[in-house]
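Below: a set of structures, written as structure tokens.
In the two complexes below, subunit A is the common chain; its partner is subunit B in one and subunit C in the other.
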Partner chain A sequence: MRFYRSLTIAQKQIVWAWIFLAVPTVFYIWIRFYPTANAFVLSFQHWNLLSDREWAGLDNYVRLWNDPVFWVVFKNTFIYLALGTPISLALSFVVAYHLDKVRFMHGFIRALYFLPFMTSAVAMAWVWRWFYQPVPIGLINNALSSIGIPQIAFLNSTTNALPAVLAPAIWAGLGFQIIIFMAGLRAIPQTYYEAARIDGVSAWTTLTEITLPLLKPTIVFLVVFSSIGFLRIFDQVFNMTTNDPGGPLNSTKPLVLLIYDTAFNGFNMGYAAAQTVVLFVVLLVVSLLQLYIMRDRDRVS
Partner chain B sequence: MANVILDNLVKHYGKTPVLHGIDLEVSDGEFVVLVGPSGCGKSTTLRMIAGLEDITSGQVSIGDRVVNNLEPKDRNIAMVFQNYAIYPHMTVRKNIGFGLRTSKKSKAEKLQRINEVAAMLDMTELLDRKPGQLSGGQRQRVAIGRAMVRDPDVFLFDEPLSNLDAQLRTQMRLEIKKLHQRVGRTIIFVTHDQVEAMTMADRIVIMKDGHIQQIGSPFEVFHKPANQFVARFIGAPPMNMLEGRYQQGKLHLQDDIVLDLGGRVFSAAAASKLAEHPQVVIGMRPDDLRVTSEPGHFKGEVALIEPLGSETLVYANVGAKELIAKAPGRVPPTAGDQVSLAIESELIHLFDTRDGVLIE
Partner chain C sequence: MVKFKKWIFGATAGLAASLMVQSASAVEIEYWQYFFEARVKAMETLIDNFQKANPDITVKMTHFPYADYRTKVAAAIPAGEGPDVVQLFYGWLNDYVEAELIQPLPADRFPPEMIEKEFFPMVSAMKRGDSYMALPTAVRSLALFYNTRLFEEAGIDAPPATHDELIDVAKKLTKKDGAGNITTVGITTGMTAQDHHWVREVLVRQFGGEPYNDDYQTVNYNSDAGKKALGFYTSLQSEHGVTQSGFMDQPQAAFKAGRAGMHIDGSFRIGALNKTRGLKWGVTELPASNDGVKSNYSSYWVNGVTSKASGEKYEASLKFMEYIISDEAMQIWLDTVGELPAKPSAALTEKNSSDPVFGPFIRGLEYAHTTKFANESAQRQVLVDLVGRIDLEGQSLDDSVQQAAADEQKILDDYYK
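Presenting the complex of A and B:
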């Protein structure tokens, strides 16, 4: 106690700060940083969970580079990103833009849009899976055949399966993005629009010159957030293609599913860790790139 | 060139009436200030002139043209908003030029016009800056520049100075007034600040609860307030109000105080009103109520003083009432002093106790 009393106020504050910080610090080091670091180390090792961990040098990375499945999966992951992020952002902006102007049952409609976001991805994936089944089970094909359009193989086709899996993933995230967009739209002062009305500019000019630029922080957030989501897509794919996860013929398989497969079906922990490191680097590079491209040039230091 | 005429303008929000029939004629090139406490409908009136609010009933004409159903852009007006409404992501040049987007001028002409306006507002070197790099007063000038660039018939100002600090406000007040003298366009200016109204306006429109209380020059509204509300709203500190009784050219107040009206002659209507209902409210501006060494009309004890430099406000307890008076700045009384207060009989205002209307 004498030691504590002899401290200055600033030093006492530091002591207390560290006492309170200790719990989350220990938690983070133990639960987050240690496994992450361990995964990095593991990516340079061979391990099947039961054996001892053996150093493998760059073996895992070399194997990954030469693995044709990895490149298919790598491409799939970027297709999820390249289609999912722009489509989901465009859709949610259009919905939010118009929903913002709707007064009639506004809260109810907004709740309907938000509902899918609260629903379990597994349940959703299975319902959509049912939609996609061939006649006489599938909802969509039944509807198509009743008006004389030939059936479409959704989940059984190597070309159609990926978009078919992506659709519910986009739909599920829409509610969240709409809410964020609406909050962004609400934050734009009404006088900007009133001034534009007095100046007599067209609705299109108002949208492109006022609304979208002022919405930029919201857009940046959603682009980064949804990109990370699509790069890590897993549950929709896994649940909609359970017979052959990531199939048919790896045409829907994303990186996370490959990692899961390598680790818990192949028990090839070192190899899975190497794939994880690649995913980590991809996420990091894509996010930083987006933040760099969309950085705020207006702000002066 | 345009006058603005409001004819029995009414506004309801749902079932709530906010304007009860506003009649106002603003002549071409006039500077009119709408002033009143918040919620009096002054901003609503302005926004109806601008076309930003629907008109429940009545008529708005600008330049002898009924504009009720015209879009804001077709009314040839410009508006300056309280929060300036200048776009943070555009340079000053783009902001000012925004109002020219729909104009049919060539690009060179537009740039020329922007430069002209910038020069007029002394902002040429700021044209490439973003609003984030400007001070409050400079932003305000950008907003005015954007309004000027289209050379509209009528300028509408919606409390444009209330976000500025006191010193800047005084300065912008002068600048807007100078601008009006130079450009000579009709200006309708909304404020809640009676000092702004007094200093800038050709004519002041005082509003309360959706009704116009008085329309008149700054001189008229100050020296001949139409009713008690106007009398207390215009002028600071507010007018002293005492209740009394009129009897044969004299006013009888509490504590046997008697004020002589010096043989004031009332109109026939006012005289019969006084005969029928002699109860009156007596209004005396603090500026007119002097602290004097001679035996005055009121005697009281100084509760506190507010030195303003050139003069001193004296808050004196007279009976149960507190009166505000003025004393010279150099030798003011101090708190606790016994003082007597005097007023010239022609400076006393009388109001009816029932409806607050000026009796003259």
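Presenting the complex of A and C:
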């Protein structure tokens, strides 16, 4: 008590801050950091949940390196990212840019775009799965064949399946990105636009020289946010391909689904942990890139 | 005062005595299974009967949703918690035996020679060394479901009994629209459903082969017989055009919707089909090969005593095991759940084997085989991919079978090393 009294007010504040922080800190260490550390340890072990854990050295990583399925899956994960992020950002920007100028039924249209974001990914995946079925039940193929166009194999194709699975994922995330973009657009001071108009600058130049540069923080946030989302894609893929998860022939399988399969069908916990560590590293690199780009922007401004 | 002391003494002694009696007589054992309404109801009946016969034992049943069951059991038993008697899928047994989490059934109470005499032969997959590790109450087998309405429409009077008849009948049942798209399949196919069992244990054997050697540790379906079997299977779509893989997403959905003439599935499907309004169906044994070879695949859930049970609980667990593998228990299970008795003495009664629905499955049990899987979903995936490579990538049957055999052998080697 005497010790506490001898502290300055600032020091007392720190003490109290730590007392209040202690609860979430302990909680976080217990449910986040401890399991994470445990997963790292586990990635160097063999474990099937039942027997004791056995040290395996680098076995799991060597196996990963030599596993052709892992490389297919790794590639798929980056295709989801490489297609998903730019397409979803471009679409949502175009929609937000024009929606920003629309006054007629603005709220209603915005709600329509936002609605899919609020829908359960599972329900949505199953509805799209039904759209994609061949004749006689698939919505799209029924429509195509009724006007004499041959059916398209959406999900039962090694080339079409991934884009077909990606489409609803992009569509579902669009609403959120549009809202963020619109907030970003509203935050740009009108004075810049007025100045541009006085100078007689073309609409294209206004877009590329004023709107886009000033939207950079918004864009960086959305790029990182959606990148992490696409790197972790699971719900849509799993629910649209439950018969042959990640199929056909692994053509839609993302990393998270491989981890799930290794852990909860194969009960190969060590190997699954090694795959998780790889995912962790990939996500970490993406996050560090974000920090790097953000810092760069601060220095310029 | 003296009175009070006496009263206290008497009360204490009485309480102590009653506690002692209780602890000496009341044993509580725990039983775990996954949640499926009929299974839980059947088990409640069995527990009631068992407790009436053994008033000193209580059995507490706990159940979990199917999706969590395997993980829950795997987490609880090594921690020394959870059930004394547990229900496991037969394919998981290996892992539990390796980790010494299941105790062998003592040979004096469950003599192997008795089990081999009384149970259907495929139960021998549960034997390790000289004793049995676990035993089933009920088993499942495959049979051919058919849509009677479509059969009448096509003028077919009997379900097919051989492979050739299967193709003929399927051709008559298949319907196409003007553009040549299939709108009703003659027979459903899909390795993701039960077909991988049909190919492994039925077709490969019918074409004269053995799907595996060395107690299921060596892949052998890359033999001539295996290739013929897979050739027959893939020809249903590629040559005869009577099916389409992935038709209506899931084979059972196509059959339920009346869009499939025939459908191979397990006895566990009976309940769902009974509930489907407007569907008229029949069921028959799997078609024999053209030279009359019959085969079937059987899977089952087994009951075993975990390493947690000791002393009185162990004794009570064994008693409970004895009851749930009795003929009486099997009949209750069949009547409540619709799963087939694991012993011929209970299954092949006049009433059961002449039953129009259960009969074909029960007759199938006599020649059924059980695959010892190392990792069922991964091994299923191998066959899914085998057909996928032929359908989607145009690989030749020979190459695809060879690659599948190599892939599956790798899974087996990793597991058994």
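Going forward, the second predicted complex is superposed on the first by the 284 of 301 C-alpha atoms of A that agree within 3 Å, B and C clash if a C-alpha of one lies under 4 Å from a C-alpha of the other, contacts with A are read in each partner's own complex, and residues count from 1 in each chain.
One rule holds for everything that comes next: a contact is a pair of C-beta atoms (placed from the backbone, for glycine too) under 8 Å apart; a residue touches a chain by one contact, two chains touch by 3 or more.
Not measured: the values here are computed from a predicted model.
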Subunit C versus subunit B, contacts on subunit A by residue: C
Partner chain in contact with A:Val224 - subunit B first, subunit C second, else both or neither: neither
Subunit B versus subunit C as contact partner of A:Glu194, first or second or both or neither: first
First, second, both or neither for A:Gly266, with subunit B first and subunit C second: second
First (subunit B), second (subunit C), both or neither touched by A:Leu283: neither
Partner chain in contact with A:Asn243 - subunit B first, subunit C second, else both or neither: second
First (subunit B), second (subunit C), both or neither touched by A:Pro136: second
Overlap of subunit C and subunit B interfaces on subunit A (superposed complexes): none
List of subunit A residues in touch with subunit C within their complex: 48-51, 129-130, 133-137, 145, 148, 150-151, 155-158, 243-244, 247-250, 261, 264-267
Parts of subunit A lying in touch with subunit B, wherever the complex brings them together: 189, 191-192, 194-202, 205, 209-210, 213-214, 216, 298-300
Partner subunit A, residues of subunit C touching it in the complex: 70-71, 74-75, 77-78, 95-96, 98-99, 101, 177, 179, 181-183, 190, 192-193, 244-250, 259, 375, 377-378, 381, 384-385, 388-389, 391-393
Residues of subunit B touching subunit A in the complex: 50-52, 71-74, 77-79, 81-83, 85, 87-90, 98-99, 101-102, 130, 132-133, 146, 150
